[in-house]
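Read from first to last, the chains carry the letters A, B, C and D; within each, the first residue is number 1.
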């Protein structure tokens, strides 16, 4: 339809240096070597538009909000401009039958080639009746759309791992995309919401290298999820020095000390917040004084209190007192039995005579 | 079960069960052992300076004259790994936090790098002790399954804790969960194995000191 | 109870101190400068990928000092490419349109890539010049 | 006759107490006790590790007095103690343990191993697993009054000689004396000089004393074989005599286990505290020395070392008296590294010297090498000790290794150099 991206950009008044600068930043965020920015810029400049279908399921639209309200609407927007977003309920002007038609047209025209983006978990309870679009359950829609997709990108913790809908007791029977789709490459971009640049980074990678980025064992791009928050945290030195904020308003908190004791889940959370930050690099949860909730990890909602340190018991001990009583009881019981046995042995004692020394 | 669920289990129900069994076991065993009682010594006591149960409780922490030379590995290795374990368990920040959560007491921690170094030294000492157990005829002769087992049960928490912080082999979450689980196994095993010497050695030293102190011998 | 009766105690935020992570970077830079001299290969350190506190960055900046050249680029927010007191070592900061820092590098190069004009752009420039000449 | 395994197990059930439980639970198999045991250090055989000598006792404790042990026994994880096993252990409990208690001194978790050996012997004795030598000694002591089968007329005969040699009358059965003096058969037979020494010293100090014709024997094979009932029979003779003669104090002879029997086990055997004091002869001598009564006419010049008998020093608590006394009479006393409570056993205590099997004697000879080394390292030709049993064992050792070292009894040495 259109020519290479750089021309599109040029028509919009985006200079090559602007694009180079953007690619340098993107490469930095993807933990690619600083020199990769230029290669990326050149590849992307020449890339063509792939068709993308975005399906929202059991979700809160937070992920879409995160992407569309990202700090730099122009650049992220431009990346979206380089794709043909053929179906996105929240963003598309069409509604009802027209929208459904657009979806089916896109699926038919680009069969086997389109990228499928999913946000939200898929409820399986009540035959999927908890979430339906146009009278069809999410499960059916997903299966149909996934069948013709080149790859699936699960955006947000719900699509990636089931997220909050799946939290105990999971009333809707929510599952993740990877629970249902087994025969397509899936990229998980968890987070509640995910960082916008991760999304664009994955697209950029797809456009630059024609493939999906390298993934970890949970299907997440290693470049963004390879390190824990803790490892990249600027407060990490305080952890190593044993300097911890004990409450949210103590001297330690003011000094910017480590929030581990206040329940920060940074050590077990893989995400890029510590390096990419949020709101245009303004800040991120730990920098604003709150520990990491671990939102990009599976079942983070059920991982014990957000405000309890990782090394502290997740729940108050329930058995301790009872166990102590049982233990004492067992001890006393054995003790009584022992006394009886010893006293019996004493009572049965026959005074030894010389004859008793021989067999 | 995924990593985080595993970790949450070890931090929740797992810890609950382990601490429960530990408390149950410790109380049961202590009562079982110490209510066996002993006869009063009717001989007129001889009083001598330094001869008492309490003296021996402390004195036995140092090698008697000549013994260090006879068995340097046992003493030096033993000191290093016992002190190392104590430093790691009682002066590592996350451990202090756990203790604070369980019993409400807290104190300053040592830097994590120092704890990491201590863990390496402790593990080295434990490996040397293991080699000594394999090499020395007396130790090998005395060793039963329990000796090898308790060595492993003590070693694994140190190893997993250290590997977790160094990001070796497994992702931190899994390693941390394994670390907590292995520490829980240690808690469960402790009251029912020779590891219980951590409790009974005070009683043993006291009895020894008292029985011999009655005769005026500081042992 | 009115809102005013809640006393507000404003505490200025404390500056996180030095972590000790910055000094090793100087050694790395030395290596990179040597490589530039020997092979001509440019390189860069991505500062946002490292656990550095603002104090660490200030320390580093202070150590490296200010050189003769400063380049300002207006492209979707300001970017500054300032040579440090060590020629060949450039402190590169990219801002977005809101003025926030989006990425920050220390580049080791004779001239940072971004400053150089791209041949395609130069071609466009030459076309523009031709147009100007033809209008003479 | 009537010794059975059941009786043995029963006896062990009776004697197992909280200290034993605590000791077994504390053992970490570190093997350090072996380093303190001369039977291990001189043979290098791990089976002589002190704590291993108690394995059957440990199992009885575990199976009878711990919940887990009971369960283990029920499901067959813990084998019951058998006669064959105890038979095998006899060598470990008697031949290769002199109850010297050095292991109890070094155990890092504080186990009093010798305390357990003493208790274990209660079970060994009544299950019939005792060496013949100790059994016969016990029999002779109970039946005739002393381990060597010595009767009063023989003793009276020795006393007559003493009176002839010294010109001093040795009082017998004198009521109201301050001291009841006990002897050991070995002194009566092998070292009558001891009796002469005592007579001289008491005379010099002006202290009244007496012997008892029905309680002259201080040794107690009952505690060596490990049977409290028989030990009680033997010790009761002394208690009865002391009470009948209304003495204030009973003087234990040099003999080590005799002191242990009367001083420390005695009241516990008869089940009540004594109304009299039990004093070891060295304690008395040291008291006299401090009072200035024990003046020497001259001193022994030969360089010498002291052998501290285990049952008197390490296990008996007579820690301070020996050194000042030896310094009183010897000019060149050389303190050795492992002295006083750390001294190494002669290898014949705890009844071991009464075992005359070939293996036991060979083992004792091997174990004696540690004493030999001590003597050689000190570079002396004279050793002084104060226990009749040690003396016999050491003499045997000297013979075995053909050493020309002189062995002296401390009391006699003092008496010999006593100012007239």
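Here is the rule we use: a residue touches a chain if its C-beta (ideal position, glycine included) is under 8 Å from a C-beta of that chain, and two chains touch if they have at least 3 such contacts.
Keep in mind that what you see is a predicted model, and the values were worked out from it rather than measured.
J.: Using the touch definition from the top, list the chains contacting both chain C and chain D.
T.: Touches both chain C and chain D: A.
J.: Please state whether A-C or B-D has more C-beta contact pairs across its interface.
T.: B-D
J.: Compute per-chain Cα centres, compare each with the mean of all protein Cα atoms, and return the closest chain.
T.: Most central by this criterion: B.
J.: From the C-alpha centre of chain A to that of chain C, how far is it in Å?
T.: Spacing between the chain centres: roughly 31 Å.
J.: Can you give the whole-Å distance between the Cα centres of chain B and chain D?
T.: Spacing between the chain centres: roughly 38 Å.
J.: Round to the nearest whole Å and give the separation of the Cα centres of chain B and chain C.
T.: Spacing between the chain centres: roughly 54 Å.
J.: Where the CA atoms of chain A average out and where those of chain D average out, how many Å apart are those spots?
T.: For chain A versus chain D, the centre distance works out to 77 Å.
J.: Out of chain A, which residues touch more than one other chain, so two or more?
T.: Residues 231, 330, 334, 338, 342 of chain A each touch two or more of the other chains.
J.: Two or more other chains in contact with one residue: find those residues in chain D.
T.: In chain D, 16, 65-67 touch at least two other chains.
J.: Report the complete set of touching chain pairs.
T.: Contacting pairs: A-B, A-C, A-D, B-D.
J.: Mind pulling up the chain B residues that touch chain A in the complex?
T.: 2-5, 7-8, 11-13, 15-17, 19-21, 23-32, 35-36, 93-95, 97-98, 100-102, 108-113, 167, 171-173, 176
J.: Give every residue of chain C touching chain A within the complex, in rising order.
T.: So the residues of chain C in touch with chain A come to 11, 13-16, 19-21, 42-46, 48-49, 51-53, 73, 75-77, 79, 94, 96-98, 100-103, 105, 107, 113-114, 118, 120-121.
J.: Where on chain D does chain B make contact in their complex?
T.: Per the stated touch rule, the residues are 16-23, 25-32, 34-36, 40, 44, 46-47, 49, 51-52, 65-68, 104-112, 115, 263-268, 271-274, 277-278, 314-317, 319, 337-338, 341-342.
J.: Write out the stretch or stretches of chain B touching chain D in their complex.
T.: Against chain D, chain B makes touches at 28-29, 32-39, 41-44, 46, 48, 56-57, 60, 63-67, 70-71, 74, 78, 136-144, 147, 192, 194, 196-197, 200-201, 203-209, 211-212, 215-219.
J.: In their complex, what parts of chain A are in touch with chain B?
T.: Going by the criterion above, the answer is residues 217, 228, 230-231, 239-242, 244, 260-261, 267-268, 270, 294, 297-300, 302-304, 308-315, 317-320, 322-324, 326-328, 330-332, 334-335, 338-339, 342.
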